[in-house]
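Labels for the chains are A, B, C, D, E and F, by order of writing; each one numbers its residues from 1.
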Amino acid sequence: MLHIVNKSPYERNSLESCLRLATNGSAVLLIEDGIYGATKGGSFEGKVQAAMAGVKIYVLGPDLSARGMADRVIDGVNVVDYGGFVDLVAEHSNCQSWL
Amino acid sequence: MLHIVNKSPYERNSLESCLRLATNGSAVLLIEDGIYGATKGGSFEGKVQAAMAGVKIYVLGPDLSARGMADRVIDGVNVVDYGGFVDLVAEHSNCQSWL
Amino acid sequence: MFTSSEDMDTDEGGVIKQFMFVNRKAPYGTIYALEGLEVVLISAAFEQDVSMAFIDDGVYELKKAQDTKAIEQKNFSPTYRALEGYDIEKLYVEKESLEARGLTEADLLVDVIVLDRAEMAAKMAEQDVLISF
Amino acid sequence: MFTSSEDMDTDEGGVIKQFMFVNRKAPYGTIYALEGLEVVLISAAFEQDVSMAFIDDGVYELKKAQDTKAIEQKNFSPTYRALEGYDIEKLYVEKESLEARGLTEADLLVDVIVLDRAEMAAKMAEQDVLISF
Amino acid sequence: MKIGVLVNEGPYTHEASDSAYQFTKAAIEKGHEIYRVFFYHDGVNNSTRLTEPPRDDRNIVSRWSELAKAHSLDLVVCIAAAQRRGIMDENEAKRQGKDAHNLADGFRISGLGQLVEAGIQCDRLVTFGD
Amino acid sequence: MKIGVLVNEGPYTHEASDSAYQFTKAAIEKGHEIYRVFFYHDGVNNSTRLTEPPRDDRNIVSRWSELAKAHSLDLVVCIAAAQRRGIMDENEAKRQGKDAHNLADGFRISGLGQLVEAGIQCDRLVTFGD
């Protein structure tokens, strides 16, 4: 299953809820303001690091670059472009957007 | 100063930020989905209780009733109607909406 | 409000999919709960395997004693009780979301199935289509 | 984008008020940062005592190295550097918001005044008008 | 007291416009002067006369129009925000070469300066939004 | 693969419509079939031809219209959501007694059943919103 999160973890509970309800082996893609969840140095980083034991984390490159955060990605998080976003949707049998 | 918060403290950081930046003696009015911050029994109640040492908390009755929470108000929180909302605005020299 | 009958063509060649409508927003502050219900009701005509999940502030949608007179919005909470008549009976509520908000099943206006986070996660993972509000 | 000149009538009888524009949202995910800047620039024509506060995700608005080509939105971050030319020089950034996001002053594209939460709270309390985005 | 109101979200999707309306009505009842209601961001969407809500629901747009008529309210829609979102009066439609316009009775389109000016002129400015 | 796209927010205010557009374009480039793009909630506001964004900004509405034309996309606007928010095609305007309509080229207004049907027909349904 692919989870899509588009909100900053500092503003909303979306990423936290997503990580709480993502089963082991599922994938989480961070887009739009959600990309801040994939960045280093902030107070939410630990939760993402811990989650990476069970789920794969992806982040949308175009949204990272727009926000000037392209050089801050947590090690082990995979950066994808819109084509990669499409591939993730195709590779997983279903998806949920945490609006 | 009057602070107005219209978001659930379980969904967003608005109320938490408001309480962090409200000076002693200021007032906080909870409206719309913000009313959940004025209700008993949830995991955010403690933070509101603690804040009440320094700030006065008000909640908009019409929004409480709409959500079926009229009988759950934390002791010491003042329930006002739209007229009371107007009075709060008039009584304080300025106001900030935590959108 | 819920009487629209456009596109009720249910002849989809017998495909039955698992549809889950995921509700994470409180009522009235935004329209998502109400317009979400509109989709759920329409979906009943397509004879799919439909369920609703109530997570985070979505559990507030089911709170008893809603009275919207003073905000001049329509109280749509009775619609949740009408869902049974549409054969929509799988209303899953996450236990952790209820507890964090100090609510219990007795506070809800309709019978629900309470799932803990692991059960809810498994239920979501097995769906074909998830639509989230 | 920032050239609108409607209602530039600044003859307000010499009243000077303290205006603070409070920015709490990240850029690009929503339009509030951009349309907020539009108000700030217009306000410069009214010769008021204007300041901006950057709190919570609002601090991300000032992050260096924004490059919006791939999302096809306009990069409006250079506008923050142009504010000085409009005599808008009081850009207050909350220290706690920066730290929670792992940012330092060196990450910001313009000179700011960093205030801790108590100083920021005091600054907000003394304003005449607060407009929040 | 002179009060200004800023509405930043459109009708129905967010409660902001409802709250702003109820607040404005209550302020008038309390004897205050509503100097101006300014519609910004998606708030401009409150001013389209093309809405047709379900019969058993409130009509947010015409409710504002009627309140404006009854109390000579100044309802101002930000021109820049309106252009981005497809709100046009007859003049703007002509100027932009559009074949239709949709501004409702009681609203006028003007610049952002009207918001700043309201901040200067009013004793209080109250914001409603998301 | 057959993909459906659901857009729940209007143009400019939220990035949702931008993301949905870029996703749709990329999916087409990858050889997938976009079965339908459904506009719900404030998403219906993507379909008004009255927008006039600043010259140096993207035109979100016409970008959708052009993509639809180039790839025969089915862009469906929910009728109930559209009525609440003031989006009308010529037929609807006539039926509701409105003096104007604003639906842009390439969009059609229809019922919510079209969303459920897309869920049934598509291999994937991807939602963009707030």
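Note that in this section a contact is a pair of C-beta atoms (placed from the backbone, for glycine too) under 8 Å apart; a residue touches a chain by one contact, two chains touch by 3 or more.
These numbers come from a predicted model, not from an experiment.
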Under the document's definition of touching, what chains do subunit D and subunit F have as common neighbours?
A, E
Reaching subunit F from subunit B through chains that touch each other, fewest steps
2
From the centre of subunit E, which other chain's Cα mean sits the farthest off?
A
Which chain is most remote from subunit D in terms of Cα centres?
C
By number of contacting C-beta pairs, the most connected chains are E-F
Could you check if the interface between copies subunit E and subunit F is built from the same residues on both sides, meaning over half shared, or from different ones?
same
Rounded to a whole Å, what is the gap between the Cα centroids of subunit D and subunit E?
24
Report the inter-centroid distance (CA atoms only) between subunit A and subunit E in whole Å.
38
Hey, how far is the Cα centre of subunit B from the one of subunit D, in Å?
26
Junction residues of subunit B, two or more chains touched
6, 10-11, 13, 32-33, 62-63, 81, 94-95, 97, 99
Multi-partner residues of subunit E (at least 2 other chains):
12-13, 15, 22, 41, 54, 57, 80, 125, 127, 129
Junction residues of subunit C - those touching two or more other chains:
28-32, 56, 71, 73, 128-129, 132
Once you've mapped the touching chain pairs, tell me: line, ring, star, complete or other?
other
Check the chains against each other and report every pair that touches.
A-B, A-C, A-D, A-F, B-C, B-D, B-E, C-E, C-F, D-E, D-F, E-F
Once bound in the complex, which stretches of subunit B touch subunit D?
1, 13, 17, 20-23, 26, 93-99
Considering the complex alone, what residue numbers of subunit F touch subunit E?
10-13, 41-42, 45, 48-54, 57, 61, 80, 83-88, 93, 96, 98, 100-102
Residues of subunit D touching subunit A in the complex:
25-30, 56-57, 60, 63-71, 73, 75, 77, 100-103
Applying the document's contact rule, which stretches of subunit A touch subunit F when the two form their complex?
4, 6, 31-33, 62-63, 81-83, 85-87, 89-90, 94-95, 97, 99
Within the complex, which stretch of subunit C touches subunit F?
4-9, 12, 15, 17, 19, 31-32, 35, 38-39, 42-43, 45-46, 48, 128-129, 131-132
